[in-house]
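One chain, chain A, appears in both complexes that follow, with chain B as partner in the first and chain C in the second.
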Partner chain A sequence: MIEIKKVNNRPLNLLERIYVWEIFKGFLVTARHFFVNLFCPGKIITIQYPEITRPLEHAAKRRTRHRLKMRANGTPKCVACFLCATACPAFCIHIEAGEFTSSQVEKYPAVFDVDLSRCVMCGMCVEACPEDAIAMDTEVIPGGVLKREDMYLTRNKLLQNMPGDPSIKGAANRLA
Partner chain B sequence: MERLKPFIALLDLDLLLFMAVSAVKVGFFLGAVMGFTAFLTWVERKLSSLMQDRVGPNRASIFGFTLLGLFHPIADGIKLMMKEDFVPARASKVLFTLAPVITLVPVLAAFAVIPFGNYIEILGYRVDLVIARLPLGLLYVLAVSGFAIYGTFLAGWASKSNFALLGALRGAAQMISYEVTLGLTLVGLMMVYGTADLQQIVLAQGRLLFAVIPASGVIYQFPAFLLFLTAAMAENKRTPFDVVEGESEIIGYFMEYSSMRFAIFMFAEFIEIILVAMLAVTLFLGGWQIPYLGEAGFLFPCGRSIAIHPYAVVLAQMAAFAGKTAFMCWALMTLRWTVPRFRFDQVMKLAWQGILPLSLLNILVTGLVLLLAGKL
Partner chain C sequence: MPKITIDGKTIDLPAGATILQAAQALGIYIPRYCYHPALSVSGTCRMCAVEVDKAPKLQIACATEIADGMIARTDTAAVKKARKDVLEFLLANHPVDCPICDQAGECSLQDYYMDYGLHKSRVAPEDKIQRSKHRAAGRYLVLDNERCILCTRCVRFCDEVTKTNELTVSGRSDASFIDIREGKSLDNDYSLNIAELCPVGAFTSRDFRFKQRVWFLKRIKSVCTGCAAGCNIEVHYNENTVYRLMPSPNPETNTWLCDRGRMTYKALQAGDRLRKAFVKKGSMEIEPAIRHAAHLLDEAARKTGPESVVVLGSPYLSIEDNLALAELAATSLKTSNLCLDFPREQGVKDGILINKDDAPDANGLKLLKARYAGLDQGALIELINSGRIKLIVAEARALSSLKEKLRELSNIETVILAVTKSDLDFESACVLPYAANFETEGHFVNYKGLLQKTTPSVAAPDGVKPLWTVLSKLSSCTGAPIRLEDAAELRERISEFIK
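Up next is the complex of A and B:
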C-alpha cells in the first residue's frame, strides 16, 4: 500500500548537527539488522532462484518455454514454413526443412532450434504460426542455468514437452 | 675470498639468530594479516548483504561445497587475474606500474611496529612479539602512512586520464588534510603515556586505574579515539569519505587500472582497514592486554588470582589482540555501511573546521589536566 509520508524538515538541533550521536544510532540500526539476519537467516526474503521458484498465477496469460505440438501419429505439426523464424525479432529460431515423400504434407522440420538465451519471450512465433504448431505454454521459465547449451533447445527437446510426456495437447489438426 | 673474511666474521651467531627470528616474525604476522585480508573481502560482502537484508555471495563452490560463499575470494582472485591488464597508450608506463606498489608497500611496512603480543622466552632467548621495536614507533607509523598519498597521486597522474587526475587531486587534498589530524589526535596519547614506543604504550595500558579499571587509551582519551577513528577512516578512503573513489559513479584515481594492478589497490585498502583497526586497538583498546591478566596469570582486584603458564598467557594475549582487531574491523565496516558519503566540501570542512581544531583542543585540555595533576 503506497501512502504519502510527511517528512519533517525542521532545522537540525545541536546534537544532530554534531552528528556523532546520530552516527552511533545509525550504527546500532545496521548492527541490529546484521545480528538479526545472522542468527535468523530465515527472515531474509530472498528466493534462491534456480533451485526454488515461486508458483506463478494466471498460467493462460503467461508466455513460458516453447514447445512444438505433434499430430496424433507422432509427427510434428510444424510444416517448416519459416513464418515463425521470420516473425522472430530476436532471430532465435533456426529451421532446416526436410521433405516428406509420401505424405500429403510436403515438409517437416528436420532441424528446429530455439536459442532461449536470445529469445525475448514476445510470443510472435506463436502468433505467426499458421498450423498452430508452436506454443508457449510449458510453464517452464527459461533461465537460471550454468551452461549455454542448456539454453539451446533442439527439435527433440521441443517435442518432448509438458515435462515428461510428448506434447499431444492440441493434437487435433485437419491434416491429422 | 680472503677479503670477505672480516665480513663473514661480522656475521656472528647473534646477528644470524636475530635475522632468523625477525624473518619468522615477519612471515607469521604478515601471513596472518594477508590471510585475514582475503577473508575480509568476503566479510565485507557478506556483512553488507546481511545489513541490507540480503543473502550475499553464496554460489562459488568447490565440488559442490559452498561453505557460505567462503570460496568467493578465490573466485575473485582468479577473475581478476584473468582480466586484461590494460595500460593506457599515453600513460607514463613506469609510474603507472609503480603506483600500486607504492600504495601497497607503506601500508605493509606500517605493520612492523605493531606489537601483537608481549614477549616469549625460547631457550633463554627473549623474543619480543613485535617485528621491530622502535622507540618512536608511533611517529614511524605516521611517517609511513604519509607515504600512501604518493601511490594515490601517482596512480591518478600517471594514467593521463582527466577523471583519474581529478580523483587523485581529491585524494591528495583529503589525505593531506586528515594526515594532519591523524598525527595531532595521537599527541594527547603520547603526552599521557609519555612515550611513542607502541609496546610501551600497550604495557602502560595494562596498569589499573583506581585499582579496578584497565588504564586503556579510550578511557584517558575518548575524544581522541573518535577523532582518530574519523581521521583514520578518511585516510583509508572508505565510504563516508570516499569522494576520492566514488566507486559507483565518479570512480577516481585508479580509474584506468584493471586486472591485478587494480586488485593491488583494493588489497591495499583492505589491509589498511586492518592497519587502522590494529592501531586503534593498540593505542586505545589496550592492545594485546587482557584485563587483569599478568605475566603469571589472572590477578583480580578482589584479591583472587589464577596462575596460568606463561606460554598460555602469551597465546591468550595474541588471541585477544586478534579478537579485538576483528571486532574493530567489524565496527569499521558497519560504520562504512551505515554512513552515507560526504560531499567534497563537507569533507574539507569537517577536516579543517571540525576535527583539526578539536584535536588541538584535545591536546590543550590533556596538557592542562596533566599540569594540574602535577605530572608535567
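Up next is the complex of A and C:
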C-alpha cells in the first residue's frame, strides 16, 4: 500500500540553518545501517538480484518467463495459429508455421521466438491461446542477463513441461 | 414488374428475381452458404430462411422468386431462431479446427456463429462424426471432409463453370461427403477458385496453406498480367511479401481467376529472380552494368553505324516500358531499326477466361506502333538473319518468342532485360533486371481493348528499378538521354496513349 506523506514546507529554524546538526543526524542514519549490516546480516533489506530472488506470491507466478507445453508424445502443443502473436501488444512473438506430414495435427510451429527484451509480461498470449499451449508459469523472472541473445527465446528453449503436464485441453489434441 | 416489400422497404424488380436478390438490392443482408451469384441455386443450406406473409412456413430467400405484393421479413423471432438452429445443425459434427484451419478469419461459420449462433454445442467433441482430413485433391487443393457443410458450391463450380465434373456428393444423409469422382483428379485450370468459393475451410489452397493468417493480409486491387484477358485481381500481401492473388470481379473482365494467373506472383520470390545484373555471365551491380550496356551500344554505333543496332518492343511489357524502349531507339540510338510488331492470336481459349495470347499487352504495343511505326516483324527477322545487325536490345520473353525464326544469334551481342533467369533463352553479353508488375505501376491493354493499370503492392529488391528508369539511365550514359527520370515526366509522355 502506498502511503501519502504530506511535506511540511515551513521555513527552516535557526538550528537547521546552521546545517552542522542536520548533517550529523544524517550521518547517524548511515552509521546505523552500516553497523546493522555488519553485525546482523539477516536484517539487510537489499537483495543481490539476480543471484538471489524473493519467492513470488500468488498471481505473480503467472507472469513469469514463457514456456511452450508439450504433448505426451513430445510434440509441441502449439499449432502455430498465430493468436498469441495477434494478441501481443509488444509484437514480440515471431512464428513460422510448418506442416506435419506424419501427424493428423497438420500444423506445428517451425519457428517460435519470444523476444523477452520487448515483452511487457502482460500475459495476453496465454489468454489468447486456444490450445493451452503457452504458459507463463516457469517462475523465472527474465532480465539480469549479460548478452542480448539471452533475452531471445527460441522454440527449443521454450519447450518445457512442468510437473503435472501434459494437460489435455485444446481442440487439436484429439488429432495427436 | 413485381413489387416486393422486405422489412418495410419496397422495391420493383423484374419477374424471376429472388427474395435474396431483392434484399441485396435493398441493402438488407441475408446470411447464406450455398448461394453464389455466379452459380445455380441449390437451396441446400437453409441459412437464408425468411418469413413470407401468407406462406405456412419459412421460405428460403435464395430460391423463392418474388411475386407482386409479396411481403417478407428477415428480422422476426422465427427467422432468428431458424438461423440459430441451422447453425447448430451445421456445427453439430463440425470439428471446430479453427486454430489449424486456414479459413479462420474469413470463415462464414465463424462469422455467422458470432452474429446469429452463440449457442453451446450439445454434441460432445468425442461423439462427433470423424471423417477424412487433409486429403490431397489435385495439384493445388487440400480437402478436409470434417469441415465441409455440404453446400455443394464446389460441385456446382466443377459442373457449371469448368464443366469438368470432378466432384460429387457421395453417401447418404448424415454420412454424405464431398468426393472426387472415380478416375478423375481435381486439376482443371481453375481449381483454386474452389478454395475461394468454399465458404468454410474444407477446400484450402496448398500453396497458401499455413503461410500467413488472413487477418494480417493487406489487400490492393491490380491487374493480372498472366495473359491477354487482363483479369482484375486483388493482391494479398504483408510485410513486403505477396501471399496470394484473388479475383476482383469485374463484369468486363472476370468473375474467377485461373490457376496460372494466381501463381504469377511466384516469379517475385523465385530462386532465379534477378536481383543483380549479369555481364558475360558474371554477376554485377546494376549501375555499372547499365554503364557497360551503354558502352556496348556506343561501340556498336561507332564501329558499324546506328543502323546495326535493333531495339525490340515487347507484348509482355507495359505501355510505359515499351515507350521507353521506343524512345531509346528513336532519340538515343537514332536507329530506325525499332520493331513494335508482334502479331498474336487472341481470343478466349477455353470458353472461360484463359486467352490464346499469353502476353498481357499486345494491344498496348499496337498503340505505340501507330505512333512510332518501326519495322514489321518479317522485315526485322530478315534484317537480323542477314547478318548486318551487331547488337540487339530486347526484353527476354519477346526475343524468345522469335527464337524459331531467328538464325544463330551467337555472333550478335544482346542487351537483355529480364525479371527472372528462367525467362532467359539466349546467352547474353549483358542482362539488366527490372521491377516486376507487382512492384511498379504499368498500363496494359487487354484483348478487348480495355486499358487497365497494375498497382504496386511490394517493393522491388534493393537497387532494382522499373524498366523505364533503367532505360532512362542507360540513355543518359550514351549521351542522348530520353528524359524519363521521374513519374511526372513519364505521366506526361504516356498521356497520349492512355486517354
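The working rule: the second predicted complex is superposed on the first by the 111 of 176 C-alpha atoms of A that agree within 3 Å, B and C clash if a C-alpha of one lies under 4 Å from a C-alpha of the other, contacts with A are read in each partner's own complex, and residues count from 1 in each chain.
Just so it is clear, a contact is a pair of C-beta atoms (placed from the backbone, for glycine too) under 8 Å apart; a residue touches a chain by one contact, two chains touch by 3 or more.
Bear in mind the structure is a predicted one, so any value in this text is a computation, not a measurement.
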{"item": "Which superposed partner A:Leu38 touches (first chain B, second chain C, both, neither)", "value": "first"}
{"item": "Chain B versus chain C as contact partner of A:Asn9, first or second or both or neither", "value": "neither"}
{"item": "Partner chain(s) touched by A:Thr46 [first = chain B, second = chain C, both, neither]", "value": "first"}
{"item": "First, second, both or neither for A:Phe27, with chain B first and chain C second", "value": "first"}
{"item": "Partner chain(s) touched by A:Ala97 [first = chain B, second = chain C, both, neither]", "value": "second"}
{"item": "Chain B-touching residues of chain A, taken from the complex the two chains share", "value": "20, 23, 26-27, 29-31, 33-34, 37-38, 41, 43-46, 48"}
{"item": "For the chain B and chain A complex, residues of the former touching the latter", "value": "47, 50-55, 226, 331, 334-335, 337-339"}
{"item": "Of all residues in chain A, those that touch chain C in their complex", "value": "79-83, 86, 97-99, 104-107, 130-131, 170-172, 174-175"}
{"item": "Interface residues, chain C side, partner chain A - complex", "value": "95-100, 104, 125-126, 133-134, 209-211, 213, 215-216"}
